[in-house]
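Once you've had a glance at the structure underneath, I'll fire off some questions.
Chain naming follows the written order as A, B and C, and within any one chain the residues start at number 1.
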Amino acid sequence: MASKNYPSPGRGVTLAGLARRLGGRRIEGDENLRIVGVATLEAGGPSQLGFVRGQPQAAALATSKLGAVIAPEGVACGARPVLRSANPSRDFARISALLHPRPRPPTGVHPRAFVAEDAELDATVSVGPLCSVGAGARIGPRSVLHAGATVADDVVIGADCLLHIGVLVCSGTRIGDRVILQPGCIIGGDGFGYEFDEQGRHEKVPQLGHVVLEDDVEVGAGAAIDRARLGATQIGRGVKIDNLVDIGHNVVIGEDAVLIAQSGVAGGAKLGARAFLMAQSGVGGQVELGDGTFVGARGGVIEDTAPGSRVWGFPALPERAWHRSQAVFARLAELLRRLRRLERHTGIGDEDGK
Amino acid sequence: MASKNYPSPGRGVTLAGLARRLGGRRIEGDENLRIVGVATLEAGGPSQLGFVRGQPQAAALATSKLGAVIAPEGVACGARPVLRSANPSRDFARISALLHPRPRPPTGVHPRAFVAEDAELDATVSVGPLCSVGAGARIGPRSVLHAGATVADDVVIGADCLLHIGVLVCSGTRIGDRVILQPGCIIGGDGFGYEFDEQGRHEKVPQLGHVVLEDDVEVGAGAAIDRARLGATQIGRGVKIDNLVDIGHNVVIGEDAVLIAQSGVAGGAKLGARAFLMAQSGVGGQVELGDGTFVGARGGVIEDTAPGSRVWGFPALPERAWHRSQAVFARLAELLRRLRRLERHTGIGDEDGK
Amino acid sequence: MASKNYPSPGRGVTLAGLARRLGGRRIEGDENLRIVGVATLEAGGPSQLGFVRGQPQAAALATSKLGAVIAPEGVACGARPVLRSANPSRDFARISALLHPRPRPPTGVHPRAFVAEDAELDATVSVGPLCSVGAGARIGPRSVLHAGATVADDVVIGADCLLHIGVLVCSGTRIGDRVILQPGCIIGGDGFGYEFDEQGRHEKVPQLGHVVLEDDVEVGAGAAIDRARLGATQIGRGVKIDNLVDIGHNVVIGEDAVLIAQSGVAGGAKLGARAFLMAQSGVGGQVELGDGTFVGARGGVIEDTAPGSRVWGFPALPERAWHRSQAVFARLAELLRRLRRLERHTGIGDEDGK
């Protein structure tokens, strides 16, 4: 099925050619075998390349019809041609990209799209059906808007960006180069800010800022990044944001940070470079995470962390402390029993603990 | 208001007619009473049917203007006509569906929709305004796309499917029959996968696979299901997915599983048939849940479970163990006091616990 | 950058004028200074106004180029002109709104939008490109639909509402005045309700109701509010809902309640007026929260609460009890050590706790 989505070139590439493109890899077996695509061990055929992570996976080769595999040195793969690699997972990803380039939609503006008169689109841009590009927007070379993407007024998008179907980019957003926006993500909604009026009711605080997505950022499906109250919500170069993540106003995220699915970052928080939020975790408002801070799944951080911290739980504890506490948590009923026995045998205290 | 959304047929159906359509139900009172719709006890009128779950709810009948009710045997409902049912909730749902069929939009492609030339749509398909259907897509009999639904290239949709407003279906997705996609759900975004390049930066792993939604699947508003790296993310027949649920790449979900709102399943996990994830719970990457596994609200499962397991908490514990530990958690301050008293009275240990 | 999104009037307003519009404020320095916009201390220029919360922030004034600031009485701001305020944050928000009004798109229906023939739009309504307005919909004076907003059949929208890009409003929704829908929010998807059929499979329960959003409600990006099974899901006047919040069918939320990002409310729950859900918290099905109930971040409430309750944790505990338990949780490994020492020294019990 994969080949349907991302068709591979007709004639393929020889194993020798693939090895060369990877910067040189040792080949065992027929180096002239032509490979037209990648596949799983289970579904692959004789002109496809598979990927063996280690000896346990290699067992599945017995029944596999794959033409060749990429595997680490030392993993026995039988008589099948093998590309040997110190990093087979990465090499496999690179061969995947090489053999299955994403199909590029035609250049130009689809007749069923709307582009404001004064929007400036590079001649190589592709705008799909039912897209909308607002006044004053600028879109750089080779960027692609798939069907139904909406780019509001005064948005700036760099080169080689990819906006999947139904992406929503609000006014004033600044997007660098090679940014990928997965379907339905929402960039630049208002931050959540209110004052109380004289009657004690909420009065909206204007959110005058915008969102900046630096180069090589990727944002997941349905994720939401709010514009700043003033200035910018700033997502640093190379930051990867997974599905349904929420990022509040004026958040600043350092380079190469990773935010896994359904995590959330409250307004004004700062995440250092290479911070890593596991799934369903959260960072409180104004909290600062040091570079490389790791937050475990479902962790909730409400105090600043030092660089390199590893924390879990809510409120977050250092990783080792949390693991220890969690291990005892699982035995709490036993602890209570033991405590009662001590009380009973010593005659100190009573069942009620008063 | 309900009748505005889902109008009922003008003349209605007699109680006798309703009883027959349910496969035979005992009627108390006037079996010739015409019922044109369903309603709550509070809002209903004399030609509407209500639903009484048990004797406590029946009290509200005193002030109700409803023409008739459906109720279990043995629940006193006064003089009002009653349809007696062993399963009044289900019977009421069926009568609701009978009397209030969803209005069907007109067959054909709305002039303000875009459908690619080579897309194959059954003649009975309905495509609403501002929908987009991509190249090579195929849509089966009687399926409906409401306004603004986007179906990308090479998507296959079966018969009698319902795509609500703003649904996003990415390229290559395979959808069975009678699938319901709630508004704004997102099927087929890229999985979240990266390798590190030679500079230690993230390098995107191509996500070449697709999503399969088998027959009778329903996906909630804003939920996101990622395509596979290779092969398919597979959602089994009858699986029901609630709002804002996230499902990672290559996840496989067995038949009739249920995923309640805001739960998440990380890449490569496998959920057995009839697995049940309560709200805001999560399943870790590659984890396998046995058939019928129940995960309590906010539970997070990071180890495989046996069929029929019931687990809560994070990391998840067996249900009973978690409840016990949680009960003691609520008394931890008391436990500490009792421990200190023991230490004080025995002279063993000190306040610092060193 | 802010001035790009929300341009300020060319000539600006004098400090004296601003003071007057705020209902009278004391000015230090040149009251004739013209202010054209607001800005941060770091980015502002000589014709812009900044905001100093207290003396610590005032230090940044040393290097600031701002023309004037608004500050509480008693905070030393040097020689710079100051507007003195007892509520500088709110006054600053009001000046922001005054100097940077949201740009209003042109009145009328964009030629690339679709509006059903029998929809009734006030002459002052603005409908952007690629919007869709269904049959029987009614939209009141000065309401704005930004690009790609979808309003389904029989929706009623009041005056002065703002629907941002890509908003999805399903059939039958009733929306009051001054309601703001952030981009991509989803109002009126089906509630999540099933019965089991005779084969033990899920059978959909028709969701015949609708959603009511009363005056002054705001709903965040990507948030989802389900329609009722019967009757209405009711969001009270002034309720503020943040991004990616999920609200189930038949939920009733009292006036001025606040639901922070990624929180969720299950079907049939009732939240009293001014209830406050912190981020990533949840409320169980049918649970009733008394007026003013506060639920801490990640709290999960499964039992009714009294008015004014403050609860944390899951299952939720009273705030003080949870804080105490949580404090002991962090020391559980130490507790176990102390318990073991007691057992060892007294000879009561053993390491296994049996």
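In this text, contacts are C-beta pairs under 8 Å (C-beta built on N, C-alpha and C of every residue); 3 or more make two chains touch, one makes a residue touch a chain.
Because the structure is a prediction, the values reported are computed rather than measured.
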item: Chain-level touch network, classified as line, ring, star, complete or other; value: complete
item: Same or different contact residues where chain B meets its copy chain A, judged by the half mark; value: different
item: Between chain A and chain B, centroid-to-centroid distance (C-alpha), Å; value: 25
item: For chain A, residues contacting two or more additional chains; value: 130, 148, 166, 184, 222, 244, 262, 280, 329, 331-332, 335, 339, 342, 346
item: Contact footprint of chain B on chain A as seen in their complex; value: 1-2, 4-6, 38-40, 42-43, 87, 89-90, 93-94, 96-97, 100, 102-103, 110, 112, 128-130, 146-148, 164-166, 180, 182-184, 216, 218, 220-222, 238, 240, 242-244, 256, 258, 260-262, 279-280, 297-298, 326, 329-333, 335-336, 339, 342-343, 346, 348-349, 353
item: Parts of chain A lying in touch with chain C, wherever the complex brings them together; value: 114, 130-132, 134, 148, 150, 152-154, 166, 168, 170-172, 174, 184, 186, 188-190, 192-197, 200-206, 208-210, 222-224, 226-227, 230-232, 244, 246, 248, 262, 264, 266, 280, 282, 284, 300, 302, 314-315, 317, 321, 324-325, 327-329, 331-332, 334-335, 337-339, 341-342, 345-346
